[in-house]
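Shared between the two complexes below is subunit A, which pairs with subunit B and subunit C, respectively.
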Partner chain A sequence: MLRRAVAVATIAFAALCGNRASADDILVGAHMPLTGSLARSGQAFDEGMRVAVQMFNARSGTHKLRLRVIDDESTPAKAVSAVEKLVADGAVAVIGGYGSNIVGPASDAANRLDTTYITAGAASDELTKRGLKTFFRINNNAGYQRGMVGLLKSLKPASVSIVASTKESPSLLAKGLQRDLSAEGVKVTLHEFDPAITDFKPIINKVKLQDRPDALVMAAYENDYVGIIRAARILKPSVKLIVGAWALAVPKLYQEFPDLMNNVVGASFLPFPVEIEDEEGKGFAEAYRKTYDKDVDYHSTLSFVETTILAEAIAKAAEAGTLRTGGLTEAMRTTDRKTVLGPVQFDATGDNPRFSVAMGQHRAGKIVLVSPRSAATGDLVLPARPW
Partner chain B sequence: MTPLTPTALPRGGAASRAALPGKAALAAGLLVLALLPVMTGASNYMLGLLISALILAGIALAWALLGNLGGMVSFGHAAFFGVGGYASALLSGKLDLPVLLTVPAGGLIAAAASLAMLPALRLSGPYFALAILAYAQIFRILATEASWLTGGGAGLQGIPGLPSVFGLDLASRTGSYLLLVAIVTLCALAYAAVRRSPVGLALRAIAESEDATRVVGVNSILLKSMMLLLSAFIAGVFGALNAHIIGFLEPEYAFSGIWSLMPIIAAIFGGYRTVIGPIGGAVIIYLFDQVVAKGLIAVGHQIILGIVLVVMVLAAPNGLLGLIRAKGDRDAAA
Partner chain C sequence: MIELLLQALFSGLLVGGVYALVALGLAISFGAMRIINLAHGELVLLAAYCAYVVEARAGLDPYLAIPLALVVVTLVCTAVFLMIDRIRDHRELNSLILTFGVGIVLTNAILLVFASDVRTTSSPVLQDATVLEPIYAMNGELIAFALSLVLMVALWWWLRKSWYGRAVRAVSSNRAAATLMGISPVRTELTAFLVAGALASFAGVALFTMSVVQPALGHALTVKAFIVTVLAGVGSIPGVFLAAILLGITEALTVTLASSALQELVGMVLFLLVLFLLPNGLFGARARRG
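== the complex of A and B ==
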């Protein structure tokens, strides 16, 4: 009995203490939804981070990073616990996570612990209104809104129906789109839905019979997109375009739901198969393919960029000898660089005002960038719907 | 159902007095155990886990109170937890009331919300369980739809944190932990007092046979209503505390089925017919899952917890405390 108790205590102690960073490397923590409702995105983020650390370590002479990722199980309390554990174990900064509702409490915890926190998975405007000193992010609602409005304006639709989750980021995005498109003289009808619903046929029926729009816009998450497009494929409203925001124009969704995704348009950074101009992007795509035997995608690119920016700021602060005395936050604020996603700078709230997205269209397993004109790798094929 | 044996009834007179030093020692031991993490300077992470475990313990206690005293099996305690959280967050955030006042107010509002469930008290067994599950869904939808008040699906951010009292910052991990230890203890004492009282005896008799107790003149509906209100109050208080500790609420999180399911698992694991069982069950399950199981399998650790629970339910249907007692009885007999 005593031996068993000692064994259990040893396992617990090892779990608590066994992952401390050694004196030679710098521990960077991350919390990601590796299980739960957001796991699909979390796993892709995880891969991008690991490749970024691998590439940074390969080119850095003196400073080596060690990444430790904790599964936050898509729940806020466990994300907070993960931040506390990572900081207690000596992490100099935390990368996380996915979903504004999880990033909000987790970044609050990091701020309380005076630890730099960067995310590429939370676009809500509320996050940057909190005035946290240690919070940074590279993407935001404004960038997605600009990308989607740009595409819609170029098509000059008479009316648009927006189907939006009532969750924070989709809801804010939908309202922003409604405001911008209405200002352009477009008739906009907003249909908000409870995130718990899975049957979208009643909403799509309203869109088909009452709104009769030219375009169906989705502000939601992966599982919602699948449900909405599945309902639309059954009811076939007479729309010319189905367009969504984040995490829609990704190869993985096409691989899993080819009959639902073909011709659909979503926010994207890179075409697929990947065509990258700059050297850093090419290196990333190559290293990613070597490690995971597949091409980079939307989420892995986001996490690659955020991790690279953080890694460079860590190196800068370490060179100055201020890594553990507040220098990392200052080094983050001096960021001003071109990345595979475009330019990244941080304003006083930690937001990246220069973030913008292109729009990509699923086309028989490929993703073609169709907007804006400057980033396009092909023309938009209409009708942009899977039937 | 376990028959109501004489040993399960409250002891009185000399027997009770003889048990007192033992109970005092047990209480002192538990208190020392509860204060150990603070005395040994546990990390914020460990205290954070204990805080989450104690929140779960509070709801497990509320659930066990309803199940043990009155025989009502609830699948909807998430409703009280969510209502308590939203009520306290809104009262403190929108009306600027002190958080220490809005936390019990959250409990009272959750208790008031439970009045809507009174018609379900006419039901029993799985019918009651299903009805209360439906009520929980109704409250979740109300929180989503009343976006002018609750922020809808987007939820509430920046909920005021716990204040400082007599120099102790309750918003700190140590402060929150000590507050939760105190409130869990208070709730356990209240539960134990009700359980020991004639009302508790009548309620346990109702749990065994409601018809029989009505025949002898017990107003079973009134007593069950009182337990529903008390249980909802306790769950609401812990919902309120959780909201102020996490600083965030959305309907999907506040009314998540996890808040209904995990307390049941914790109470059954610990022994839902006892006062200490649900608390111990919640703390052990949560820490085992997050420290041991997650340490062994970082992703998908829930499978270990699932196996442990299956083994536990098969080996000890009366929970951990039942298992310990049975072993004690066997040792005494030997």
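== the complex of A and C ==
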């Protein structure tokens, strides 16, 4: 009797599962660094993607997306095998990871498998020079560069020191900044460092005693920012401004390191407390807070936008009946949309040439957008250093 | 230029002290058991997160976390030792694989509990600078360096003077002969492993007070400790300290005189050069003769 009941229950469960996999149930794959050195960013990306899918499914009548995320453990090899596994399991597209050195080989694999690949976590210029047909990207070094150079130009510094990680994106960003600022007549000294470095005092001491710059620029990641600013706090170089790139002007860094972050400036999309003008952004912020009990941040906003763009292109291709016959890539190319990050359009290389960031300043727990003028929510406080 | 060099030498000295602190535990388990504990960096990291818990959650000075770190790390060390002790064949190779796996489990456990955020002390006292113009240091670094010196002397004394210390040296020198002298090799190895765990506990707490920690750091710590241990030569505790200082100063001078991008590369070149010219490490051969 018991066996029979178990058998009936099993069949019923299988039938229910089968129903879920209907024709409109579309699998979207993603690989993210949920563990490993990039896990902090990967987890934030994961949250933004999930909210985007949840919101898309709520408003879509006919097409429901099912998201499957594989942890690439912050390694390129795992990311490649994740892409292969997801495509083999029927994913129509892959949302891709964090870090240019990981996204590069993973998007190569997706292109080889003729599968659309979108990322908001890899800013290297090299990625769009490969001529991949299925590769799309929301953000790029050019956008970060524009935002940082715009702020620095407005301050007219005589000299700038750039402290940059030798990882691909920070290194390319640093070289781009060096080129653009030098062209403006600014004396630029570049100090590249190995990502394994833990003591930044010898570098900052060179900045202090040899460079004597007006501004200290960082092209790096969270743990580097903390190390660099802490070394600067000890040695106190006479800079007027400390400015960084991605993931610096985020509320969490201030909450955890208030003594290191106050007044520091970094690339940002939104002020904090979050003020979002458009309806979609407000809906995202509300759904995100409901799901994760916290405010949206830099990474989750990026992944929300990339996932929403992809979801809409999937729906468009599915309506046209070309989802599995190459129509998705074409649908992506027709994207022309205003998002919470600004306008998104893809050029022939899959890049979004309209990407640009504002610059936000940590100010006693708030983030004030200080540049460009059109996006500013307040004036830059100088000297912009935490001590 | 003199100012730059002085700061580089001093920073290198302090960083070297921490390298020594991290490497001492690995050196003792490597010396006594001929086992490279690839989870050693994760044990250090576990202790660092104990310090984080005590400071951030309990609002206490992170150095008060040492008893908690000793308990937590000792428990994990005991479990790891019991697993290693069950290996019957190809002990060196299988223990490498086992401890590598333990390291991955510990990293992910830390990630699960503490998320991937970067952590460091928020204590103003530890973060403040001590200035001896033109040299600057963070108070946390100076304390960590002093702790490293004290622990090195204590470990050296323990190995030379205590019965268990001498037993560890005897097992390290000749396991079979030590057994014939009435020394239990298993108990001795467990002792050495727990001492290594205790050293990792101190190292982790010190690391938290002077640097930034995150779940993925354990592997890098193991690699650094391994480089220092091999550079020093197996069996030499003062050698570990001197090799660590040499590595720290070499790295800091590379940043100052050449490029910061070359820091890790130069450290590795030094390591390979020493291995090529002195296969027993800088102090290994002399220690064995002694």
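Following the convention adopted for this analysis, the second predicted complex is superposed on the first by the 363 of 387 C-alpha atoms of A that agree within 3 Å, B and C clash if a C-alpha of one lies under 4 Å from a C-alpha of the other, contacts with A are read in each partner's own complex, and residues count from 1 in each chain.
Just so we're on the same page, contacts are C-beta pairs under 8 Å (C-beta built on N, C-alpha and C of every residue); 3 or more make two chains touch, one makes a residue touch a chain.
None of the values given here were measured: they were computed from a predicted structure.
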Clash-or-fit label for the pair subunit B, subunit C on subunit A: clash
First (subunit B), second (subunit C), both or neither touched by A:P251: neither
First (subunit B), second (subunit C), both or neither touched by A:R233: second
First, second, both or neither for A:T198, with subunit B first and subunit C second: second
Partner chain(s) touched by A:T35 [first = subunit B, second = subunit C, both, neither]: both
Partner chain(s) touched by A:N101 [first = subunit B, second = subunit C, both, neither]: first
First (subunit B), second (subunit C), both or neither touched by A:T166: both
Subunit B versus subunit C as contact partner of A:V80, first or second or both or neither: first
Touched partner set for A:L209, first subunit B, second subunit C, both or neither: second
Contacts of A:E126 with subunit B and subunit C, given as first, second, both or neither: first
Clash with subunit B (superposed arrangement) - responsible stretch of subunit C out of 113-121, 239-247 or 275-283: 275-283
Subunit B and subunit C footprints on subunit A, overlapping residues: 35, 166, 192, 194, 196
Complex contacts: residues of subunit A adjacent to subunit C: 35-37, 39-40, 42-43, 74, 166, 191-194, 196-199, 201-203, 205-206, 209-210, 222-223, 226-227, 230, 233-235, 252, 256-259
Of all residues in subunit C, those that touch subunit A in their complex: 3-4, 7-8, 11-12, 14-15, 107-108, 111, 115-120, 122, 124, 127, 129, 136-138, 211-212, 214-216, 220, 252, 255-256, 259-265
Sites on subunit B touched by subunit A in the complex: 43-46, 48-49, 52, 140-141, 144, 147, 152-155, 157-158, 173, 242, 246-248, 250, 252-253, 258, 290-292, 294-296, 298-300, 302
Interface residues, subunit A side, partner subunit B - complex: 8, 11-12, 14-16, 18, 34-35, 70-71, 75-78, 80-81, 84-85, 87-88, 101, 104-105, 108, 113, 124, 126-127, 130, 165-168, 171-172, 192, 194-196
